[in-house]
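Structure provided below as structure tokens; questions to follow.
For reference, chains read A, B and C in written order, and residue numbers begin at 1 within each chain.
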Amino acid sequence: MGGGDDLRHAVPENILRVDLTRKKVVKQSLPDELARNYLGGRGANAKILWDELKAGVDPLSPDNILVFGIGPANGTLAPASGRYNVSAKSPLTGFFGDANSGGHWAAELKYAGYGNLVFYGRADKPVYLWIDDDDVELRDATRLWGKDTWETEDTITEELGDPEIKVACIGPAGENLVRCACVINEKTRAAGRTGMGAVMGSKNLKAIAVRGTKSVKVADPEGLFEFRKEANALISTDLFYELYAKYGTPGLMTIYNEFGAQTHYNSKEGYAKKAEDNLYGEVYVERVVKHVSACFSCPLHCSAVYAVDSGPYACVGESCEYENLTAYGSRCGNYNLESVVYASTLADKLGMDTISSGATIGFAMECWEKGLLDEKSTEGLILEWGNAEAIIEALRRMAYRKGKFGNLLAEGTKRMSEKIPGSEKFAIHIKGLDTPAVDPRGMMAYGGLGYAVASRGGDHLRALAALGYSLPGKAKELFGSEEAADRFSIKYAAPVVKFHEEMRAIADSLDICKYITRTALLLPEIMAKLINVLTGWGIDRAGVLRIGERIVNIERAFNVREGLTRKDDTQPERFLKEPLKSGPSAGHVVNLKPMLDDYYRLRGWDLETGYPTRGKLEELGLSDVADELKRIGRLAE
Amino acid sequence: MVKIEARYLLMFYRYTNKWKEMIELEKDRPTVRDFIEELRKRYGQKIIDALIDPKTGDVRYEPDLAEGKKAVRILVNGRMIWWLKGLDTELKDGDVIQLFG
Amino acid sequence: MACSLEHAKEFNPLKSRIRVVRKKLQGVFVPVHCLQCTSMPCAKVCPVEAIYRDENTWAVLIDYDKCIGCGECARACPFGAITYDPDTKQVIKCDLCGGNPKCVEYCIDKAIQFLPFEDVERNKRFVHVDKVARAYLTDKEWAEGMI
């Protein structure tokens, strides 16, 4: 405990810089400006990567930089304050890679006193980082290498003698540099997308174990008590409260299938009656859920401990999400719930992103259907729609890069489609990142525009444009018309997505969970209140939006520096050209051009290239970023 | 006589103890309002209180913090009735009404 | 969180007087706190008689002018509900916040409730009856009466 922590409320004390090549650990005080301008979490990670990472490096080389980040809200009574972000250049997309995870690890890191962990280089032998308040040590992980994420955590907590130690680690997938490999903490929480596990594996970093016993002070404790009371009331009366609190995200399978905007058969269909009795949230809860569970300080408790007691898919686990039910379920034409749940636990143990791994398998299934793959080329895997055994075997081969086909799967959908002529048409990814469960042809702002412009690729969480249909009255206030709440509206997609991207960036940087901000908590005035009771900065609504905008722009600059242009902000051909055939959203395609033009105009980015303009960057205090982009000829004037 | 399928999603399951059923509505051109009346006959006033805000007589689209009541939605064939004709939306044979909240 | 903020003015689970034990994969999540036992085993072993009963709230309290931080009470507690604060070097335990427990206020699902002893038993009887009655009532009777 230093003398400084009384003056700076809620903001984490230190940054830890770990040079894995030289095995050196340096602790530095976290700069005030980093917190003030970027809050922390994802924002701070983005700033650090912009400042320190050279453009054009191979993401799996020692030159990549891996950053973990948390923010002012973690470890406090702020609702759902148990999230952290992991960022680096992505081996899957080649652009800004970033993943977010829940549980309790983030709170533990906050109690240990660190805001960011920055990893450079590569260790010559497998290591893991052990953070025990001020004592930080790189320990040998040779005997952990090869273990799955569950065994790794158990071995570490036993070795260090404390079951309360929180562990974030990679499994065999990360070790084998599978491009969609992820980071798993506490066995079942995943920082899933963009292959951050592979970056960690490429650095020979097996795990980060944390124990923190220090305290966190906030500027206005009474104010925070009051805020939490109000937040609890807003959350418990929200439209989605019952969905999350009782069914968890699997309740979304019900919603989106009823909307007709659900991914079935690699996005060939948007609606399937079969999903009703097999994959809906109601069925999930009835058949496999044992007990509801929650992340740190969360009143929504959207997670659940599940178990299949007997049979070929016997397993136990936590956090089988809507995306899992889609990835291993509807996307692959598999409506056997128990097999999907088994595959989820397997993915957690192996350390692979459910969305991307499921999407790659679904893609392979469509290749099989169209005769582009056969039993010889798949080395024995019968990739027929709905073949659960094949899905499970495919996951194992992917994690270990087993055989030529397993190796091909491990490279991800985009690279795989480049090797299978004729398959690019139905490789459903944007910038290399597989698109998530909701079919964008049924949700224009959320998916049609949101996926296309997300900084990490085909992703629903950068925008998660939900306020529109949660609070239609607010839609008029914020965007000028109730039409903004219409999921088919093209006209209002751009302002809706812009607003949501900024507020999601704020949530990811405070590091609170975006699900509690599906309600009125999403509003900038309410986030300003939270930031003020935590830090005492006296920020206002405009200030909050400006920080959000700054984070979006710095991620954009990072991507532009790595070669992104307008043509990357696109949709797979299927979504642009093939209308949905059946269900409540039948007949729709994504009409991207007008939405994208509107979006670039609102963002202050060049319509032709997609580059940020100097004017916009300077407005956000990023003139040095503008200079850097100018230097490489990628600034719009 | 019009036959529709009613789905009681999420919290509405609690009021009906089933999550879908076929319902026959007597009128030739029934509206959502008629469906709600049928709901009242089958399940009582409590489910209506969860759906309709007594102050406006319309669906409770926004949360009522003072009463601690949740926001809800009614959809017909996957489309919120807000975008159709609200409670006066007509129902045809084979339509699906979804209640969720 | 609510507890440590209320008592220590800072966030630190180690300073909370209510600690949740999580055995996640078994689906077991149990908050552990002082049950204000009638026989007060903690008070019996305290060498300086620092533990006493508050007649108004019925809470078992620690007199911090007397507490020497020996930890005997923590060892005597059958539930592990007394813990040690390394900063103040004395022990801490639930004091019912003077009659209006903060943790109860902030638990959104009412998993923790502050009730008279008789109410706890009665609630259990009602839950049991609910389950039995479900089998006999029609859907409408159920919706009208039991929610």
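As a convention for this text, a contact is a pair of C-beta atoms (placed from the backbone, for glycine too) under 8 Å apart; a residue touches a chain by one contact, two chains touch by 3 or more.
As the structure is a computational prediction, the values presented were derived from the model and not from experiment.
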item	value
Contact-richer chain pair [B-C vs A-C]	A-C
Per Cα centroids, the chain farthest from subunit B	C
Between subunit A and subunit C, centroid-to-centroid distance (C-alpha), Å	37
Distance from the mean Cα position of subunit C to that of subunit B, given in whole angstrom	42
Residues of subunit A touching at least two other chains	236
Footprint of subunit A on subunit C - complex, ascending	1-2, 4-5, 8-15, 24-29, 86, 105-106, 108-109
Interfacial residue positions of subunit A with respect to subunit B in the complex	233-234, 236-239, 241-243, 246-247, 251, 254-255, 258-260, 276, 281-282, 469-473, 482, 485-486, 519-520, 583-585
Footprint of subunit C on subunit A - complex, ascending	75-77, 111, 186-188, 213-218, 221, 224-225, 228-229, 232, 235-236, 245, 290-291, 293, 297, 299, 301, 305, 316-318
Complex interface listing, subunit B residues touching subunit C	14-18, 42-47
Subunit C to subunit B touching residues, read off their complex	139-140, 142-144, 147
